[in-house]
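Common to both upcoming complexes is chain A, partnered first by chain B, then by chain C.
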Partner chain A sequence: MELRKNYFADQRKDDLHEIGQPRPRSDSPGHVTGKTAYFADRNFPGMLHLKMVRSPHHHARIRSIDTSEAEKHPGVVNILTAKDVPHNVYTILILIQIGPEDETVLADGKVRWKGEAVVAVLAETERAAQEAAAKVKVDYEVLPAVFDMEEALKPGAPIVNEYHGQNHYLYDSGECRKVRFGDVEAGFAGADHILEQTYQSSPIEHAPTETTGCIVAPEGNDRFTCYTNTQAMFFTLDNASIILQMPGNKLHFVGGTVGGGFGGKVDVIVEPIAILGAKLTGRPVSFIYSREEEMQISSPRAAEKVVIKDGVMKDGRIVARKVTGYTDAGAYSRHSPYGAQKGAGHYPGPYTIPNVWIDTYCVYTNRTPSSAMRGFGVTIGDFALEVQMDKLARLIGMDPLEFRFVNAYRDGDMKAHRQPTEGAALIECMQEASRAANWPVAEKYMAMSSYAKGA
Partner chain B sequence: MAIRRGRGVAAINYPTGMNLGGDPTQALVHSTPTGNFMVTLSSVDLGQGMKQIMAQICAETIGVPTDRVVVDTADTDTGPHCMGTFASRGTHRAGNAVIQAAKEARQVMLEVAAEELEVNASDLETDGQGNILVKGAPQKSISIFDVALSAHFKRGRSISGRGMFLIPRSYPEKETGAMKPSTCYAHACTVAEVEVDDETGEVTVLTVKNVFEIGRALNPKMVEQQLVGGSWMGISHALYETTEPYYPNRDHGGTDFNQYLMPGPGDLAETQIIVLERPSADGPFGAKGPGEMCANPQIPAVANAVFDAVGVRIDTLPITPERILRALKAQAPN
Partner chain C sequence: MAKVPVQFTLNGAEKAEFIDSGTTLLHALRDKIGDTSPKGGCHQGTCGACSVIIDGELRLSCLTLAETCNGAAITTTSGLSEGGVLHPLQRAFLDAFATQCGFCTPGMIMAAKVLLDHTPNPSRDEVVEALSGNICRCTGYEPIIQAVLTAARSNSQNAA
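The block that comes next holds the complex of A and B.
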């Protein structure tokens, strides 16, 4: 890594003692010698293991659940169904008043994605829990499922989630989050060229080294200690408190070093049911995802579809940009309504465009619920935007890097969501990239600055 | 049939933090009897080294070496509230809270030192080595070790402080979308160079040159590990990863690392990292959140490089050999 101190030297004092120093990490000796403790390194006497009975169907009504054979399986201590969960229908962002509650801890009457948790089995060993889970009989009536976002949005499509009533999240702004800036149609009308293109992605796994999980120990004082690898301690504690209808002071969450998160450990999934198991059995409970569960059950990055329509002038100026973004939330909201909204605030990218129209939709389908991941709401949008920029440059016969200089935002420029640009540095990054990659651009671009014109 | 070479560029920005509920994080700082400092948080270290960075931020603010600071975090019985470690917010939000808490503790520390030295607290400064000196008369000094002992056993002062980061919650305006979705923005520009085998559709990423602007590199070695790892993740997203290879069809999803494709060490490009620092007005010592954005620009840069190499656009991720071959076939004259 090279630090280029010649950029922005007038805005920075380099006179600090500890900051800016490459101090060795205090935790790295533990990591490389195997001494760092992770939540799963704890082992309590009498600890039970929790395994989930999961839906084999993408969408089905549950006619009945028969746990009688599973209960007789050697080592089984308790079996939990929806009726055992005090506040079974929840949504994690309810803590900051973003509803509706739309997801069940354990399926109640319906399953909406293949892999959804239906019954929790608590047993003396992992193997006993797994074997007993296989003996739980669930009678399903299979329902039509919808997987494609366009199909889901058509009238008459199967309704994925009745708590929403339609297959998209309903914002206060309507069926999508909107950004309106300037007059996009006038911009297109005056443009030399119009280019409309569609971009698509598929779900992506966080792939942390350590899978999602927790171990819960009942304490002597009527409290429960939850050792967890969540990325958000109080967020998880407070949601568990709501789901379990248990005062927060009964809960003690202990984290530590997490073996990789990337956004995959911000949903509240394993902790509430494990605490409930510990409460009902009076014994410590371990609930740790297998690799298969981490890959196919825990939320991935959402698949997205992004449609970008641009109006561009021969001289390189983008004069209008319309973006329609679709986020595939899967069967439940989790963080996706926020992810789609974050996308609306991110478009049209780091460029100053006078006429902008953004619609972002959060769409429900019968697949594993997606949620946050590194670059949430932005990563796939940036892929779409920057491939579009390349296409536009070639359309008008400009160098792709020079084309970005023409449109780059600078301090003081008004963004589409009506915030003035501050602290811009896109131009300088491109200037340095031009040098580092030996990709020459015209001298006038190398002389540009992100500072406001006249500053 | 040939191996064809191409290069592509992408430029991006990325917001720090999230626009939900004010995005709060709190911190507490206190000294031990012998002048070491405890930072108490409930933030989570995901392996990115948050504890180390919080120690350096506290040390810089108090005016002691980093090894005199211990960070206690991720325990809801001891640590005050933190929204969580995500949205590139850890260093920025918790860092700001630690600075505020450390400033309050430092002020008490200087007041105790002032009583011991019989001067005004405003005339004192720290040397960064564990001593408090009278400005302009450095021979008149006291160690922080002695100041902490005095505070604990003689003066009855708690050398401690409270800190919090909170911004007003921004509700997007319904019709226009006017909102303040985040605080400062980090920036990047990446140039990727690839080889594409037009017979097999296989892509080899040769070099990735990344320029990142991150406000301030609080610990250059640690930011390097995050930026390099992010750059690799970007390549992986561009070319390999998905849990649903035939999306929106649900079949054939990988269930382990044999089936879920990721690059191995031999698949990773020669990676160059260049860092620029334009300090943000609201960041701890100017830092912005680099954690997420560093994995984004490689994806379109690789996609654009593939086009440059073989003249087909793959607008669906991941850019698999199958998709490249199908596009080449569709483009070829019959």
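The block that comes next holds the complex of A and C.
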């Protein structure tokens, strides 16, 4: 591998010896010998298995729950409903003051998505738990459901989540996260061309090879050890502490080894109810998603819709950009208000545009709650933005790479969300890409720099 | 429920257990015998994480009933290294950065071992084919393929 040393020469340290050299990962010896301890590799005598009774409806009122037949099933030890959970209504980001609490650990009076957990069954074997779960009778009154973000935002749409009262998250800035920079309408008025396009994506499941789960062992002193594959150890510990109304020093979390996460294991879903089961039975509890649950129940990446309107000049300058972004949170917030907010800051892309208007909505629908996945909030946005950039270049008959040089942000440029650009390297990366891909651009672009305005 | 006796060798050592009829080999190995190197990723025979070697053949332990393994010789990834010395496949996976989360690794190594046992000098296509039943969701396939080819080369050098 060749390291070019002409870029950022004044910042360069030449003690880099790692790039291009194979280096064994510190966890690899455990992986290749089968010794790495994943959470499910723990086994405790007398361990119970937890299975969920899940909603077969997208949106329904719960009239009644009858667990009497399930309780009689051989091997059943305990059955939990909403009333057993000390603080049943929670939201993950309450830890950073992003509320309101809007999600139930076990459904209470209503279900808002197909697959929502309603009743937890604890039994001696996985099979007994599964069979008993099938004997729990829940009487539902099916309610109208809404699956499309624009439908959800229309007046008169069924309200998905009463804790919000409307089908969008309410930011301190109002119904959406807003970025206002320059005068976007004046920018459009002065533009040579206008291009408005809509981009949409579907939810995407992470599908890690190891399914979501945890094993909880009572320590016999009111303390519980939770072996988990969470990607968010302290978020999970603190949320479990709130949900269970137990001080954090009663909860001992062991984790860090994750059999594939990709963002799919940052929600706090399995641990609190498993700890509660261990507390109420005094026995170790295993709660591990089946493959079907991993695919259907665990949060996917949010579906998104992005409407981008750009004003562009014949010489290649983008002079105005207006973006309306929609993030489908599904029935509950989880991390989606944050994802939608990230999009608001991100939509100008790595380009300097003088007039910007951005609205991003976090929308509630009766779909599986979505959450984090690899760059959530910006990944789908980047797809939309870069497709839009290619279309704009084609519209004005310019080479798509040269078009990006014209608009690339450089140090000192003010971004739309009022952070001055620092440490930009887009131009240098594109120069390298131009060489590596043998996609020549005009010499003036090869002479550009992220440091100095010129060319 | 009446228990069923089952007896086999695991990585050369005699093992005997009483199990419920219908117990999968994966469950018996992990939860009864305590060899957790085979992993349960799908429990429906699609991901390959539970792969083990039974009498020289690659098998999915999540779809194999333990009671059908009486008298069998079973090999798992935890039994490959001897006296602290890594098997050439383990060495190659380690050196080639062929693990990420590591969950698929024991199954991958089993599939690769059966390939090399039958085909000591495989082509790249043969390696890809041999690993086609094993899913790596970190999508680190290329280093895994390279590791298997490297292990094959080091085996043939040792034999020469």
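Basically, the second predicted complex is superposed on the first by the 436 of 455 C-alpha atoms of A that agree within 3 Å, B and C clash if a C-alpha of one lies under 4 Å from a C-alpha of the other, contacts with A are read in each partner's own complex, and residues count from 1 in each chain.
Here is the rule we go by: contacts are C-beta pairs under 8 Å (C-beta built on N, C-alpha and C of every residue); 3 or more make two chains touch, one makes a residue touch a chain.
Just so it is clear, the structure is predicted and the values come from calculations on it, not from any experiment.
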Contacts of A:R291 with chain B and chain C, given as first, second, both or neither: both
First, second, both or neither for A:V258, with chain B first and chain C second: both
Chain B versus chain C as contact partner of A:T211, first or second or both or neither: second
More chain A residues in contact - chain B or chain C: B
Contacts of A:N43 with chain B and chain C, given as first, second, both or neither: second
First (chain B), second (chain C), both or neither touched by A:K35: second
Touched partner set for A:R25, first chain B, second chain C, both or neither: both
Which of chain B and chain C A:R404 touches, first, second, both or neither: first
Touched partner set for A:T352, first chain B, second chain C, both or neither: neither
Common ground on chain A, meaning residues reached by chain C in one complex and by chain B in the other: 22-25, 27, 31, 207, 257-262, 291
Chain A residues touching chain C - in the complex, by the definition given at the top: 22-25, 27-38, 40-41, 43, 206-211, 257-262, 290-291
Interfacial residue positions of chain C with respect to chain A in the complex: 30-31, 34-44, 46-47, 49, 76-78, 80-81, 86, 89-91, 93-97, 99, 101-106, 109, 135-138
Residues of chain B that touch chain A when the two form their complex: 7-15, 18-21, 42-47, 49, 51-52, 55-57, 59-60, 63, 65-67, 73-77, 79, 81-87, 128, 172, 174-182, 184-185, 187-191, 209, 211-213, 215-224, 227-228, 230, 233, 237, 241-245, 247-250, 253-257, 260, 262, 272-281, 285-286, 288, 291-293, 295-297, 299-301, 303-304, 307, 313, 315-318
Residues of chain A defined as touching chain B within the complex: 1-5, 7-8, 11-12, 16-27, 31, 58, 93, 95-96, 98, 114, 147-149, 172-174, 177-181, 197-205, 207, 230-235, 237, 251-263, 266, 291-292, 295-296, 300, 303, 328, 338, 341-342, 344-346, 349-350, 358, 365, 367-368, 372, 374-376, 378-380, 382-387, 389-391, 400-401, 404, 408-409, 416-419, 422-426, 428-430, 432-433, 436-437, 439, 450
